[in-house]
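Note that the chains take the letters A, B, C and D in the order they are written out, and that residue 1 is the start of every chain.
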């Protein structure tokens, strides 16, 4: 029952958020000075041409009618047509989103693989040399401008060393795998093409490091703080008093319990990574939503920007729900026992 | 909880509550942590650079010299020159005023506005509270960079507008924090006592709550300055920050990346400046968190 | 394991399981050091139940924690003295060697059974962790052993308890689990740090009775840390009274109760009515425990003592009252010539 | 006891994998011989020839479609003259109002369908019906009719001198009428696909990554040697350059001048340098004070450091201008002197303006990286004259909006012709009917000039037209309507393996992939 209640509340919240976000983005996009019809028409179009395009797009309707139309379409699964690309926004987002998600997940995985051990070491050797080093690394991660790091990595690993590719998702001239999930790492394996798989992995490494490095700091900080909390708990003392070795105590008792509260934080960083991908994608020519939305904003492509904002908010709320669920699954203390 | 397993917590805080002793204790804590110390040093250094940029700079940061374009670092130009021959060392120094200034402004302004709104929301409660919190939920779920970029595009690109935009998206975090504090303080009852002063004494109530909600807000604030500096430079990077000829680090990195293969110095120095400054503020913020967050004490 | 150790064996005939000798430790703190232990000496003989009583800050818990070296390394400095369990020097042993002592030679029971067990691990898992760690048993055997242990603790449905998380059990039940865990490897010594303080009064008694019954049955010695005089009087063979990090009085419980020699012990006992229910706080001594980072030169009880004399400006050493019974007190007045302190009590 | 994977072993595993992959990379194959790789900064927006007005999209559309006429190639150089492509010949009525084109038989679309008069009519009707950007190149009242399957007739209401040139424009592409039968509709289909009779057809578009083109097997012309053309989207200029240096790309577009010099020195790389008709100029808002005063405008024109801009910022990769019509376009007047900085005259002219000019704004966008340094140069030049120039950097879209409404003092822009006629530089720039974005961005309004240029547009005699345009030029130069900065060379870094590239000033960013070899 509690679970159903939660679900109902969250779904209600979802509707509210979508409504609010659409209203906000709609208002902002109409505050921005600029006439999309003019943009489409091009430099040399006469007023008559512009007027015609404006009419085709329904931009000559009163604002409330435009919004009404937009919402009506939205609830029928139609995010409108992009002014810039002339394609349905939903189709564009579908084309770009998997790349962003793949990058964000790779960055998240990387930051967890490195950040968790770092945070654990930091907490275990609290205020000692290892802690200082780990914290410095974490803070450096948080403080590094991603766009700058990305450029540096490209120049080094692609330009000078030529170890790793510097842009895109696959080598030039390679045909992408048949789209099933949109994740190249999965699609290449489904297609049984290991060469292509390794190529995709190579392309993913530098952008994932760039994006993941920032998150690494967040993860390490969170784990450190949660571990410090757990290491101060009585049950840790019990485990030690019963002869479990230091690392057995840390890894089997403290870490799982530190991970439980961290799940929320780590899960929400996935959201940050999705938005944060914008700059990384620009630098690495990663064909994701980031580059798409930056261009859309610059060309006053309202439907695309609104579609993006609504979809990301939607994902954000869904992510929150998923984290809630996960939390319930991994923490035995929350449940329907009582 | 059981008795503490470390030192019997009898002594650590000086019994005297004189402010000199408190400061001495604070100084002791900072000195004990080399990272906080490093953060403090960097921060002080950056603030000094900000204040004394005109005296430290070797050139007029805006003076063009088209015959000295993209010159490599040398005795005359320590960090080299940019694409119109301006001295990069001087521009990096002056750039601190924009980048760090924005960071400080954003952190303090969003802390103040969000803190106030959160306290009010917590104290007044009811529909007002519900409305504010829903609004904050929505703001939190709109991708922040999109919101900032859209706002900057709507208001026109300028450093001030970028500042306003970043401030706006940071506010919800403080609202939530302050509201949580306000609610728990409300539970403790002395707000109720203040309420009996009557409706005319609202400011007393707010003052009570705000003063008690301060420590967690300050922790968040100190952690935020670094990320605000980064966000400002990211806006500069995509061209929504300070306008030319004003020197701003993010914009310098952005322009410099066109030259990164042959003129590495152009985007390297401002990039390093961002990195060092943000690291300094973040280390200091970490230190402040450790000092003010009771959970981290005694461990 | 030495199961044959007779419960009724007179004191001090076999080698003690725990010996602490003149132990001094300090905790570095801001601009000062906290002198937590100032020359503690005590021992526990096989099969004996020994109480350590004192207010908070007396150093009793630090002593307990230090016995298994559970204090965070580097947070304290050992200034002098030694501590050994079954002849093994615990202060200099390598961390690796401690692992076989902890839980097998000496086990520990803590005050708050809610937080002392891992909240997200089932009871069974936590017990098996310990049993398998110390005894080479298969998983099935270890499980059978755990069930037997729980049943032995008068737990009606061991399987269900094994399957539960700590938060699903009552406080008394959790402490029974802790005791079962403590006995799981048949330790020679059991250190119980305020084991019943967090429990209901009625449950306290059951748990203590259980603890004593099982200890006597297995010949396990118990070091019982408490602030509760009534509890000591009912359960302990011998008692050490601690104050400001040192033992101020020691002896067989009955003797100490009947004839306390240190004014501090007298103070502890003064509020103790006959047939008192355990668990009530009876501390009625005026004044406060002195700051451990700035202990006075003389007797540390000086400020709170009604009988202080000029001699007390010098710190009193342990005075032997009855060597055979190992009865001592650290008060100038308790020397045989001043044996009138009790009579002159107001 | 140690059954679980420790973080340390995991980290080691990751590191080893990464290193293994690194080793594997160096063994990866280079680009195949018969594939041409082109690197450009941004994805095409739409591939519909009736919609796109962006050269960036034409890289794909131009080789995928054919037109009635095309630009001639003479001695390996692109000409501004046209010759028949799909048309084998044409006739014009005496009044220049009726044009009849004969189609070459045997041309086929990429699905095998015949290119006939119906297809021509369909394509032009579609452009005129959609009324989007490309329709602006053609007269409003143009009517197209089918005479017979291989003859098509265009009827105009008024003479339009550049008409033949406009038919070589990307918007004049002949589209397969069968697209109307596509499930998603012709408009949606064409924005994502090609449906032409050109040498290549689009086979795959990975949005934001790459567009892959392969040979059109029905192409009637000579078979191209390239099998495949891939257009890669790589936004960072430095990365594009690295990829060219590593042999991952064959041609890269849009490189900053400062990188070209270093790039040209690399072995195996050639930086093509072609005279182009792209002019960069400042729009001086003639309808907003203080720039409505010709003296103020003259002062701006005289205070500009042309030499510093061309030799400093552009590294000499540009030519100074002497008037609205660039060198290489007929009607160019070689007798006019090039613009030069003259601070004394600028000071004198500025002194005539009252009230005194002290603040001006300069609007630019990030579309061209040279615009910012130019603004800074102008700022530095105006400072000694007591004028504070405020630089305003906008997103390109916002800037265009303000150009359209005339909300600026000075703005910068570039302009390259869509078809080979001075009409592009005179009528668009000065006709008072085309104020704002359409072309007359200085909002100039002079009936005398209107009369001259409109007459030139409806006259067929080239000498007469030249004379009319040169008369108009004198007037507008005296009025300092625009500040003409430079005529920039088109530079194209490519691998030395690429042979046979032909540059046409009308077709920047378009590659003759049908005849390029590698």
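Following the convention adopted for this analysis, a contact is a pair of C-beta atoms (placed from the backbone, for glycine too) under 8 Å apart; a residue touches a chain by one contact, two chains touch by 3 or more.
Nothing here was measured: the structure is a model prediction, and the numbers come from that model.
Chemist: Identify the chain pair with more contacting C-beta pairs: A-C or A-B.
Modeler: By number of C-beta pairs in contact, A-B is the larger.
Chemist: If you average the Cα atoms of chain A and of chain C to get two centres, how far apart are those centres in Å?
Modeler: Those two chain centres are 54 Å apart.
Chemist: Using the average of all C-alpha atoms in each chain as its centre, how far is it in Å between chain A and chain B?
Modeler: That pair's centroid distance is 23 Å.
Chemist: Starting from the mean Cα coordinates of chain B and chain C, work out the distance between those two points in Å.
Modeler: 51
Chemist: With centres defined as the mean C-alpha position, give me the chain C-chain D separation in Å.
Modeler: Chain centres of chain C and chain D, defined by C-alpha means, are spaced 89 Å apart.
Chemist: If I count partner chains per residue in chain A, which residues reach a count of at least 2?
Modeler: 32-33, 151, 155, 159, 234, 237, 245, 252, 297-298, 300
Chemist: Spell out, as numbers or ranges, the residues of chain C touching 2 or more other chains.
Modeler: 65, 70, 110, 112, 115, 133
Chemist: Would you give the residues of chain B that are in contact with at least 2 other chains, written as numbers and ranges?
Modeler: Correct list: 1-2, 5, 153, 257, 260-261.
Chemist: Spell out all pairs of chains that touch, sorted by label.
Modeler: A-B, A-C, A-D, B-C, B-D
Chemist: What does chain C use to touch chain A in their complex?
Modeler: My answer: residues 65, 68, 70, 95-96, 98-104, 107-108, 110, 112, 115-121, 129-130, 133-134, 165, 167-168, 181.
Chemist: So in the complex, the part of chain D that touches chain A is made up of which residues?
Modeler: 1, 4, 6-8, 10-11, 14, 18, 21-22, 24-26, 28, 31-32, 35, 37, 42, 45-46, 48, 51, 53-54, 131-133, 135-137, 187-188, 191-192, 204, 206-210, 212, 228, 230, 232-236, 238-239, 242-243, 246, 248-249, 395-398, 400-402, 404, 418, 428, 434, 437-439
Chemist: In the complex, go through chain A and note every residue touching chain B.
Modeler: These residues of chain A touch chain B: 13, 16-17, 20-21, 24-25, 28-29, 31-33, 126-127, 132, 135-136, 139-140, 142-148, 151-152, 155, 159, 221, 225, 228-229, 231-232, 234, 237, 274-276, 278-279, 293-294, 297-298, 300, 305, 308-309, 312-313, 316-317.
Chemist: Taking the complex as given, what residues does chain D use to touch chain B?
Modeler: 236-238, 241-242, 256, 258-259, 262, 305, 308, 312-313, 366, 369, 372-373, 375-377, 379-380, 390-395, 398
Chemist: Within the complex, which stretch of chain B touches chain A?
Modeler: 1-2, 5, 33-35, 134-135, 137-147, 149-151, 153-154, 226-227, 230, 233-234, 237-238, 250, 253-254, 257, 260-261, 264, 267, 271, 274-275, 277-279, 281-283, 286, 295-296, 299
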